[in-house]
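Across the two complexes that follow, chain A remains constant while its partner is chain B and subsequently chain C.
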Partner chain A sequence: MPAPLREAPARWPGLRRITGEPVLLALIVLAAFALFVLPLGAIGRLAVSGTGGGPDAFVSAVNSRSVQRAFWHSLESAALSAVAATLVGGALALLIGLTDVRGRTALSFAILMLMMIPPHVTAIAWIQMLGPSSVLLQALNLAPAPGSTHPLYSREGVIGLLALQQVPLVYLTLRAALRALPRDLAEAARVNGAGPWRVLTRVVLPLLRPAVLAGFALAFVSALGNFGVPALLGIPGRYVTVPVLMWQRLASSGPSVLADMAVLATLIGAVAVAAVWAQMRLMRHASVALIGPPQQPLRLTLGRWRSPVELALWAVLAFAVVAPLLAMLATALVPTYGVPLRADTVTLRHFHEVILNQTVTARAFANSAALAVLAGLGVAALALAVGALSRGRLRGGARAVTTLAEVAYAVPGLVISVGFIIAFLRPLPGLGISLYGTHAIILGAYLSAFLAVGLKPVGVAFAVLDPALHEAARVSGAGFWRRLWRIDLPLIAPAAASGAVLVMLTAWNEVTLSSILWTRGTETLGTVIFNYEDGGYSTLSSAMSILSVAATLALMGLLHRLGRNLPPGIIPWRG
Partner chain B sequence: MSITLDHLTRRYGAVAAVDDLSATIPTGCFFTVLGPSGCGKSTLLRMIAGLEPVDKGRIVLAGRTVAEAGLHIPPEARGVGVVFQSYALWPHLDVLGNVAFPIETAGVPRRKARAEAAQHLESVALTGFADRRPADLSGGQRQRVALARCLASGARIVLMDEPLANLDPHLRAAMEEEMTAFHDRARATTLFITHDQREAMALSDLVAVMRAGRFEQVAAPQALHDCPANAFVAGFIGRGAIVPGEVTANKPGQAKVRLAPGLTVVARTGQHATGAVQVLLRPGDLAIDPSGQAARVASCAYRGDHWEARIALDGLSQTLVASLPHRADPGERLNVILNGGWVLPQK
Partner chain C sequence: MRRLILSTLAALSLSTAVHAEVGGTLVLYTSQPNEDAQKTVDAFMAANPGVTVEFVRDGTPKIMAKFRAELEAGAPQADVLLIADSVTMEGLKAEGLLMAHPDADTSAYEPGIMDADKTWFATKLITTGIVYNTSAPVKPVSYADLTAPEVTAAFMMPSPLASGAATIHMVALTGTELGWGFYEALARQGAVADGGNGGVLKAVAGGEKLYGFLVDFLAIREAAAGAPIQFVFPTEGVSAVSEPVAILANTTNPDTAKAFVDFLISESGQQVAADMGYLPAHPAVTPPAGFPARDTIKILPFDAAKALADEEANKTRFTEMFGG
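After this line comes the complex of A and B, so read on.
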């Protein structure tokens, strides 16, 4: 049967060229301009040439005692916590990634909880666990005397909890590197007579060195931008970091100190970007070093040590993850702070209060839920668009947007929100309304800071996709939009959905961005929890934290299910 | 529906993947590009499909210039069909959806497109598989879906990028027959890329042997085997040895060549040959005969239906390749006569 003769579709190829990718690129560039260039540029412009800015402002900032101290505290806490996180996260990655311990996915999930539970909630939980009314410490007769200073309100407390938060970052980086390690390198060493210890010290660890350094840099940058831990522990402990200093100055003086803020934001942002730049160089070095496809990773048998090692791992995680949450739950269930938890004292009053009685908390739940969903969907849409462009002739534009998103993700959240205030405080030209004080400014900050979170899974999914699938659609006569809609979107949708849920998790839990962007009516979950704890209402903040952690766990469960059919590397704890 | 390639060049940095290549592929021809990996054959296919830009030169498809300096018609507007090495079946669409896609892009509503696609599925004997996913099919079935999709595109020019490379050897022979049937059915001008000379020989009207971005020779399969244009083609296609010699006598189409003192051969020539020449001796040119030149077996390997031996003739420094009906041990003595050969064209 001769195929019916169909004319080659020559319909206005010139028009097709401009209505396809260029239109999408124009939309992306517009979004990138509003999300990254305007806010970050506004900081730079105000810091360098605005009234109250300029070189003099930098000199006076650098000479200020409080700024010097805050910078020292920021660098010290970030560096020391990153060292501790690298040691702990590295040990966990080696134990779980290289040996035959059972339940690797469950262990990874538990470790990731350290990161998924937001810093301010972690801080509250640990304050409850180690404070004077701690059920745990009272049972052990170790509780500090009532009225004494809380042991976590100190430099060591800040560094310790920061380290705990960064452990998963190092762990993930090293697990990924271990997965990419060709197994035959280690097997060649064993065949040549090396025992497990020598394989580890002479082959595996030297090959992992770039990944260890990269994990350290990631942990450093993340700790540098942390707000929840140093705010809740460092303010009472007189250990103020740069983000906390910025928040204090804005909270006490309002937008009049914006030029001052811009100077601080430029300085701390520069430190973060330099650290990320160093990390990216190290990763590039790491990726050229290995030849050979990744294989089933090495499994060293622990023999009779397996059960004790597993027990120890779960015990450590129970202490670091579960115990603080239980302590927080105990606080949420007693009538007033300090009352011991017994059968006759237990009450659900605070849950009733935050869910039904307080309009602020109900509003915060609604605001955060809506903002998280919108941020997730917005990031997924942007990530899909960037991913679709990243393989065409306009890939340069996609790469530029990706770089901007990575910069925005790296700089401390306070810097992003300061940028959004400076850029959008003035009424929008033409509309005459200011975005400040609306939900839109918080959503914008979320999209800006979290786009990188959603870009990563989409990028991974596009990278493992056979390019011929896309090319087959082209030679079948499909134009850009048809390819996007019929081929790319369905294939990438699961990864984009995972990215969206990751962003929802991050947005649902964040406090840093909204801490200076919220106003009456646009409170977020994080700010309300933070303000209750800051104001001494520990029972209410604990109850809200418990609810937010429950929602977080539900989202993580959803993500776990979504991840069943995805390539490895998208769901952090899978694979 | 001919394909004209006019001084085509594509560079990657300093390396020319396709280097000033010109050729014309006539309408309806099954044209195979045969070459070792890295010779630029896939780049050539991708340039014709529009998946790679052209640095220099011109591509004309059915009289329409689709690529030259400053012009690049995108693949979706070229109207060519491509069968990919990985088949490139969309995993999220069922078999019928895959086949219907090119019909839909031509503006046919989805329901009608699926009905039309069903006919094409029937022509590759996959009617019962319409609602399967590509992942549930075997390699050969996937290949046939890819062919059906190509048929459905209605393209008069079909490009195939090593479509049999991912199949088991025994399946490959069966698919070769399907390829021939496919070509007979579609009557489309077909450009077939492969590194497997057996495949090229079995399928093609014309074969182009490609090396380093250029066609070394374009000829019908048998001409390529019997009358290679140069030493590379002679070495790449079939078995044999190239031996230097001296022309001692001449007549049209033939030359008498002295290979060693007391050893001559009457070989075919394509042109008037004089002086020093190179002669290609295929196994078929050698026969075991007690009256022939004394020789020693250097090595011997079983090739399925015959034994292939490397044989050192007394007085000749190269070993020749002979096919033997029985096994021979290295060192064994035998006598060989030379029945013919091919004088490689002189530069």
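After this line comes the complex of A and C, so read on.
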């Protein structure tokens, strides 16, 4: 039997076989076990068979009025806000993607700001913009009467701000889909005499259906797991969602309620996974395979409407992004909440307090920065490894890890952190130390929750990688690690970097995961702002929020500059 | 001669030992507002160079939940607790989680406000009364005034699930002839119970609510800073907590922890509290501006042992009324 022409003779072919992919797979399996199987499994085990868990616990949870209410609120707010976000985000994507409005990169950047300003900061800013003591509304004589409940402390308030947060998700999904549409169909329609309107309604929109569905599902799942908005608006408005209910119980009762939390986590996690599963089934039906070089399918000329449309777009974005930030700045500058901002009342006291007096500020900035960078790098490395396995003979392992990552991404962040507490609260067997209270547990939760974000672009990049390169290297005697290092890494790096950038920005701004994982010394920016606001120190939370938004803007500006020298696609708002 | 040298050496090593122990890092878990907590530890650090005090701040029930979680993880972080009320401290003491500090000098204080076993020490007197927004149509002077429907509709109180002072207020108030019926009337007419004292301050100062229960120092201090609010000592009386400090039995730095306690109950430490706008516990320290003379403040009676025994039942009862 002739020797197969698969690999050049190596000195220890057997050893090579097992030190290549199997080692990488073992590492990945180990990571997946720690990041997904242990925490999510711990929830399931505690919910099903732990003390205080079991079928009775499920029955009593389902029968509890507060749990029923929270579930209804979660589903209602996620569904309605996703519908609103799909409409608004879709309209923006069509308007910016298909017409000749100017300043698309700037518009994209502004829309992305809606997502980059974290939910708790958005909520604080809007509370201050629309409350009875709002500087803006008082100037317009529209301020609610003293003693009337804040208009945002309501179902509508929660849904409205959730929708605003999800608009960029839908926008980005649709813009990407528009860019990938092949030009042939639109051209064919035009050659056959179809006008722009007909091309839009009969060609472009039907082709966008899967993307709209994907955008809606993303918005739904993301709203379902949102914590900052319902926590700050829903608690005073008596509109408590499941993540908020879990946080409330855990924050005021501690580990004694972990079994109850596991039951709630299982229930809401199941909803999220079901939603993603349904979306994937629907997508399979709705999607059509298209080939052909992508090009903008339609370029509508707005003519004399161009300037008014641009003006309207910028006005809406200014109202949604800039005005709340200004309201927050006004609060940060008054001596105490409730005092109007005037020349004689303005003070920098709160900035002085958070920057120079509160030692936690420096700690939080350092923690969030380190955690964000490590999470970005960690996700990029893991994604690269999973991607490398996905094309070899061990692709089953890669697929399993990808599925786990998608599940972890879909379930609400609070479920992940509850899982990490249950799994890692007790000291690790053999080592005698507990991960709880360390940076490692927060980093682990970030990697678990955000890995899917990094896997997507890397997966796409590996899918289009020409296998001939690998074959050539293999025939020339390059082993697995060498191929990974010399072929995959350089070619996949841009995709991995784009995932890392998104993960970094998300981790820098997040509060959901760290809200119950933080302890002394591991405070993140999000938890510090949230705890100031939750404790009622609005002036401090505003000052701190302004600082964090400024830092985020600086970071994005830096990335934008760096993006000039990088391949397209790494910086999400460029191109 | 030899004995003299030896004893001198012994004395020297003893004295250096005592002083050398006050140093290192101390972790404080507290329910004080962030700014006050920072000022407190800054004052202690200024008096004790070489000591670093870090603090974590949250409402008493939440900071206790964090403490419990860390205890369960086998990695307790806190050395010293400074929380709202002595009832929680009594619970911790019964579980053996507190370390006694027998040398603490409490001679200047009225008997009864400190723990006789010297495991926890009162640091202030914080009363809870009524606060209202100056634009409110009604100026309440008693708890009874709060049950007028138009007042209740714009009324908010801190939740006992988030605030230790609110827990004591609930126990003290329901122990008077107002009873639970008073709380039921408030709940029925749409009063809101949510979050800690900071949240009530924000809502009343911001005009979202017009009336509330609030701790004295926050209201008096912020009113002095220009917030449109006014604090009232109701005619029926106020509830009081003592914001006790205690050393945790698991501390790895007991001498510095003891120095911290000594500082808080010393006259200079009490002056720090008074300067921040708190009613000091030490009788010789002058109360800050805005407070009436101490002997004119009527404090509602309160049974700590009963409060500890009924804690769960009280909270459940409250949650059933107000949700939570």
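In the analysis below, the second predicted complex is superposed on the first by the 518 of 575 C-alpha atoms of A that agree within 3 Å, B and C clash if a C-alpha of one lies under 4 Å from a C-alpha of the other, contacts with A are read in each partner's own complex, and residues count from 1 in each chain.
In this text, a residue touches a chain if its C-beta (ideal position, glycine included) is under 8 Å from a C-beta of that chain, and two chains touch if they have at least 3 such contacts.
Bear in mind that the values here come from a model prediction, so they are computed numbers and not experimental data.
In the superposition on chain A, A:T336 makes contact with chain C only, while chain B stays out of contact range. Of the two partner chains, chain C is the only one that A:Y436 touches; chain B does not reach it.
Put chain B and chain C next to each other and count what each touches on chain A; the higher total goes to C. In the superposition on chain A, contact of A:S253 is made with chain C only, not with chain B. By the touch criterion defined above, A:S538 lies against chain C but remains apart from chain B after alignment on the C-alpha atoms of chain A.
Looking at the shared chain after the overlay, A:I487 reaches chain B, while chain C stays out of its contact range. By the touch criterion defined above, A:T359 lies against chain C but remains apart from chain B after alignment on the C-alpha atoms of chain A. In the superposition on chain A, A:R304 contacts neither chain B nor chain C. After overlaying the two complexes on the shared chain, residue contacts for A:R426 are found with chain C alone; chain B is out of touch.
Under the contact criterion defined above, no residue of chain A touches both chain B in one complex and chain C in the other.
Chain A makes touch with chain B in their complex at residues 1-11, 13, 16-17, 466, 468-469, 471-479, 482, 486-487, 490-491. Interface of chain B with chain A (complex): residues 49-51, 64, 73-82, 84-92, 101-102, 105-106, 119-120, 123, 149, 151-156, 185-188. The part of chain A that touches chain C in the complex is made up of residues 66, 131-133, 146-150, 153, 235-236, 238, 248, 250-256, 335-339, 345, 353, 357-360, 421, 425-427, 432-434, 436-437, 519-521, 523, 531-532, 534-538, 540. Chain C makes touch with chain A in their complex at residues 27, 29, 33-35, 38, 42, 54-59, 61-62, 64-70, 72-75, 77-78, 133, 135-136, 153-154, 161-162, 192, 194-203, 205-210, 222, 225-229, 323-324.
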